[in-house]
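See below for the structure under consideration.
Naming follows writing order (A, B, C, D and E), and every chain is counted from residue 1.
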Amino acid sequence: MSVTASAANTGAAPAASLLRRLGQGKALPVSLVVAAILLIWYGFTVYLNTPWQIGVYERAGAEWTAADLVRDTMAQDRPVLPAPHQVVAEIWKTTVETRPTSNRSLLKHAWITLSSTLLGFAIGTLLGVLLAVGIVHNRAMDRSVMPWVIASQTIPILAIAPMIIVVLNAVGLSGLLPKALISTYLSFFPVVVGMVKGFRSPEAIQLDLMRTYNASRPQVFFKLRWPAALPYLFTSMKVAVAISLVGAIVGELPTGAVAGLGARLLAGSYYGQTIQIWAALFMAAALAAILVALVGLGQRLVTARMGGRS
Amino acid sequence: MAQAPVVEARGLSLTFETNDGPVQALSNVDLTVGKGEFVSFIGPSGCGKTTFLRVVADLEQPTAGHVSVNGLSPEAARRARAYGYVFQAAGLFPWRTIEKNVALPLEIMGFSAAEQKERVARTLALVNLTGFERKYPWQLSGGMQQRASIARALAFDADLLLMDEPFGALDEIVRDHLNEQLLKLWARTDKTICFVTHSIPEAVYLSTKIVVMSPRPGRVTDIIESTLPKERPLDIRETPEFLEIAHRVREGLRAGMGDE
Amino acid sequence: MNFAIAGALFFWAGAWALNEWLVRLDPRAPGLRRIIDLAVPAIFGITLLVVWEGLVRGFNVPTVLLPPPSMIWERIVGSLPTLWADFRQTFLKAVLIGYALGCGAGFLTAIAVDRSPFLQRGLLPLGNFVSALPIIGIAPIMVMWFGFDWPSKAAVVVVMTFFPMLVNTVAGLSASSAIDRDLMRTYAASYWQTLFKLRLPAAGPFIFNALKINSTLALIGAIVAEFFGTPIVGMGFRISTEVGRMNIDMVWAEIAVAALAGSLFYGIVALVERAVTFWHPSIRGG
Amino acid sequence: ADDLTLQLKWVTQAQFAGYYVAKDQGFYEEEDLNVTIKPGGPDIAPPQVLAGGGADVIVEWMPAALAARERGVPLVNIAQPFKKSGMMLTCLKETGIEGPEDFRGRTLGVWFFGNEYPFLSWMSQLGIPTDGGPDGVEVLKQGFNVDPLLQKQADCISTMTYNEYWQVIDAGIAAEDLITFKYEDQGVATLEDGLYVLEDDLKDPAFADKMVRFVRASMKGWKWAEENPDEAALIVLDNDATGAQTEKHQKRMMGEIAKLTAGSNGALDVEDYERTVDSLLAGGSDPVITKRPEGAWTHEITDKAL
Amino acid sequence: MAQAPVVEARGLSLTFETNDGPVQALSNVDLTVGKGEFVSFIGPSGCGKTTFLRVVADLEQPTAGHVSVNGLSPEAARRARAYGYVFQAAGLFPWRTIEKNVALPLEIMGFSAAEQKERVARTLALVNLTGFERKYPWQLSGGMQQRASIARALAFDADLLLMDEPFGALDEIVRDHLNEQLLKLWARTDKTICFVTHSIPEAVYLSTKIVVMSPRPGRVTDIIESTLPKERPLDIRETPEFLEIAHRVREGLRAGMGDE
């Protein structure tokens, strides 16, 4: 905002070049797309909330105009689809206007979810890479483990999550770790799939070269397979971090749904408080976007360090 | 025979299975390369020169026949790091700078950091790439990439060098320079060199023995022992003796092509 | 009690040794090779089941926590019609349709993002945003929008599968090498020609990664979505209902069906991958 | 103090006010108990948690508890703070439904996860099939909220007198526009929120003693909550870690809950028990339980506690 | 001047920015290539030959100076599909068989299926690859891959050919054969050809004009017009006239190297 303001002061030509710079940066495209989405969203808000609103008018026997309708559809307590500004207001209220230590603070819930997401993601990535290493290096593992890793992913996690948590509690694990393990369970898979492919992506000639050096397996791994797999690693990690967040949120349900964005979503949904649901959804999505962007940043840094061209 | 042969092939054959039928790349090849020899392989494109080097390097398994390297199986020789291999394509790792690419085998073989540095500098100088240490492969021209890959193979000083058209993408002057350097290195260190080339003068200038191959299935049609002295100034290439050998090689090639 | 545990562990050790021996055989005959390729995972799986049975019996784990495989098997055999009806509702309708739409949408968005640098900068960050719309948040909303039946589940699957496809396709589209792109430039190939003849084939390995990941994700998504309102049929419905009824064997019967269907689905995608990206070093054999 | 874990059936709300009050007011402490209250949720089956050792005592509905008992989790009712059932079916008047006989051909929202038993036994007593068809009812697995009714995706939905019903009202639908069928009034009420433990645990005198003290303190909590509904609601609110509950809603819920707990001193009324069992057994071809349970309840604890 | 030049460069310079400073690849290059000329570029490895071709092909943007192709900007010329380019590395698509690789430009340019078939067969025959239509690139030897990429560039019959060391990995006999074929094609069709090579005899044998370049920053040090007739049998390479030109080129190269 302040950028545009200062541009206005500095005259037309610099303003034009600034506009061009903005066009090349992310700010302008993102805001335009966001604006487009907001417009569509408001449209749907009116459209989806209208039937209910008309019902209200009818029950009250009130006269109403189109303007009333538009205004009222955007101000319902339990809208089918809340208007963007209602969601923003809710987010503002629960982040800025609420103490972060309060149970009503969205920041607190986001933090709780984030911590198990990160823990689960870290364990999941590590586990995924280790499994991929095993699969690429050991034929027995390739043949026997991979099919079962796949099968494991078809087990609906929500179904066994309570059992996992019960079992983990029984062996004395509680708190962050059980939730994180559900994130792990979901996030290691994209990493395995991506890294198996990545570790196998070096060209035959590159592997031959290492063979002529009689390089040991660890040497082939660290000097060839690992760098060659990095593009796959980052792509997998982007997917994994997003799924981790989903896992952490899902994992909050069977742990008693006491705190975290998942608990928040559930409670909102239980009481039909759509605005609260959407606020939590946005918080979760924003977290995901930030996490994915961070992985992307890591990707750019590493690619730049590795010569920066494919 | 005082000394065991460095490379010995007996009745060597190799057939590739492909989607539309088998391709016989080598057929019944017999060859002996003695210690300290400089053997050039020459033959039409696709006749199996690369395949032969790959079998010696234990990168391809023969379907019939037998090879030994330093009296060992190719695999044992590879494990003993008996040879340095220059591939036909440069095959540099895109994420490593030139100096790091050249240092790769040194890292793997556990040379000290100081030693690595010294050797990288020395071999890069040998192939005229000083000043490009910090560049990435895609920032080099085709010929420079090829030279970097030669430096990489020379860096660790193997006794046997397998070189697959190492100088193909180089201009005459650099090529002459590298030819000289290679000959010097060979004379000084008593290395054994197997060298694939398409240039008849190059083959004659460098070799003690020239192996002429014929295409599909790859067979050895002629083996020409050079009568040139070990000491070879560049202008030896104008001597009648040189031209005579070159002529023989050319004839051998033509004969091989003829019966296709 | 410890007899069961010891037996299971003994069996495990034996099977492990057998597998190690089998993979080392490496026979030349292709027929025998295929048999070994199938036998190894099968032996591994059987071992898992035997160890499971042994441990559950040995430690007297309550069946409401974890029933032994034998009990699950009996339940599967006894409830085939129910399992089939659930499978049809969840897999054949919600999963397959949602998967196709979600992968398709992710793919097309990736192309759009790729086609227009403007969208690349505008839409991609928002794509990341969509990536983690948590399933428990969207599932009730989808029920609200698309009703109780399978369309709302398919919609959840669409949202879940969209992002992996988007990210992988975007990464894959930049996987072609610079020289190959230059070649297409020299032909003055149009954007679409370059896309179809060079960049999509080169992106194949990445796209198939997404298709594989999504094949399991879609199933999870559809099943979990059914926890949030559904007609009284479907794998997710059955699972949550039977957990509540303490019929954990039925839960595992559904899970077994899910695992079987998911693995088959994944296997088919992997087969197609082998056929389509046969040229990639990871498949050509590196 | 003795540690003790209580697993609730649902999220933190006034439905469980007695336990939170007892904890908050130090009633448990007085009995030398250190009680941990674990909230439940849509995905938590308390009997499973109990069987897995995650809790010592659970709050559960009797139909689900008896069904679990048949499936091999030997639950025993040790106390019954809820006298009456709060379940009902709530329909929009505009659908034209006037009595249970009008259900045929309608779409009804039902909670599953073990909460469907009362509904199923009611329908089978009415002789209405629940598998769709023009003659039967179309059953939907209802989600967490009352949306299906508001969105008109269902003609009737399950509600609790203390919770979902008020959400419908809060959503702006007047009570006159609704018609409700209380399970109590239909004569198909089954016992709700009771306290259950594992049969084997009870054989341990130390455990039984712990339970005596727990039930005594909990009932004290319940009575306190009945007498001070507003304060009780605030205590519940303090314990809600999600921060999603509202004061207005919890106060009203507490008021409704008090109506259900009134009339129970904590001891199980055997008549109520028999009625529940009869209702569950009367399920026709697919009864909730197949035989009359034995040893599913005991007065041993309440006798000592009260 | 009756005919507009096909390629015209004026004051052309190009500097690459790299991680450790700028690399000047071309400096102030002036050059005119007329219609129907066969121009060879020769110069030491890394002197900017490839870079020059890439600028002409609109694959690289000059940092200074000006190029035109057929009187158009390089971009317009590229869009008009004015040229065929043979890259220094083969760059075949691994998912296409050889025939499909050769057909690629034809598909893009919208040739009919029958026409594609005919052209693929013809150009593959020209480069001696008949019989390998159904193989995948990794199943071919290095020289065969290079020939396939030549076939790909010839298939669509552009009026301007930009060839970057097309015959580098080929044996003398195939090379002679392809040299002859190329000359015939050129004579028959009045194409304009820019040809990078490291072989002085090849440059002299083929060209009407030889551009000698010097290294870093790449400059044109000499432009030698050939006096050889358009009709050139292979044995023209033994004539004194030929040797005289070759000598001039060699001297030019040496001189360029000297002042580095």
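Throughout what follows, a contact is a pair of C-beta atoms (placed from the backbone, for glycine too) under 8 Å apart; a residue touches a chain by one contact, two chains touch by 3 or more.
Keep in mind the model is a prediction, meaning the values are calculated, not measured.
Number of steps on the shortest path from subunit A to subunit C, with steps defined by chain touch: 1. Number of steps on the shortest path from subunit C to subunit D, with steps defined by chain touch: 1.
Chains A-C form the pair with the most C-beta pairs in contact.
For the pair subunit A and subunit B, the distance between C-alpha centroids works out to 53 Å. Between subunit B and subunit D, the centres computed from C-alpha atoms are 84 Å apart.
In subunit E, the residues touching two or more other chains are 89, 136, 138.
Residue positions 65, 140, 144, 177-178, 227-228, 240, 243, 280, 284 of subunit C are each in touch with at least two other chains. Touching two or more other chains at once are residues 42-43, 45, 48, 52, 143-145, 147, 151 of subunit D.
The part of subunit B that touches subunit E in the complex is made up of residues 16, 18-20, 23, 42-46, 50, 88-89, 134-136, 139-144, 147, 164-165, 168-175, 198-200, 250, 253-254, 257. Interface residues of subunit A facing subunit C in the complex, by the touch rule stated above, are 23, 25-26, 29-30, 32-34, 37, 48, 80, 139-140, 143-148, 150-160, 162-163, 166-167, 186, 189-190, 193-194, 196-197, 200-204, 207, 231-232, 234-236, 238-239, 242-243, 245-246, 249-250, 253, 261-262, 265-266, 269, 277, 280-281, 284-289, 291-293, 309-310. Taken together, the subunit D residues at the contact with subunit C in this complex read 42-43, 45, 47-48, 51-52, 64, 67-68, 71-73, 112-116, 130, 138-145, 147-148, 151, 153.
Subunit C meets subunit D in the complex at residues 62-65, 140, 143-144, 147-148, 226-232, 237, 240-241, 243-248.
Against subunit A, the residues of subunit C that register as touching in their complex are 19-20, 22-24, 37, 40-41, 43-45, 48, 65-66, 118-123, 125-126, 128-138, 140-141, 144-145, 160, 163-164, 167-168, 171, 174-178, 205-206, 209-210, 212-213, 216-217, 219-220, 223-224, 227-228, 235-236, 239-240, 243, 251, 254-255, 258-263, 266-267, 280-282, 284, 286.
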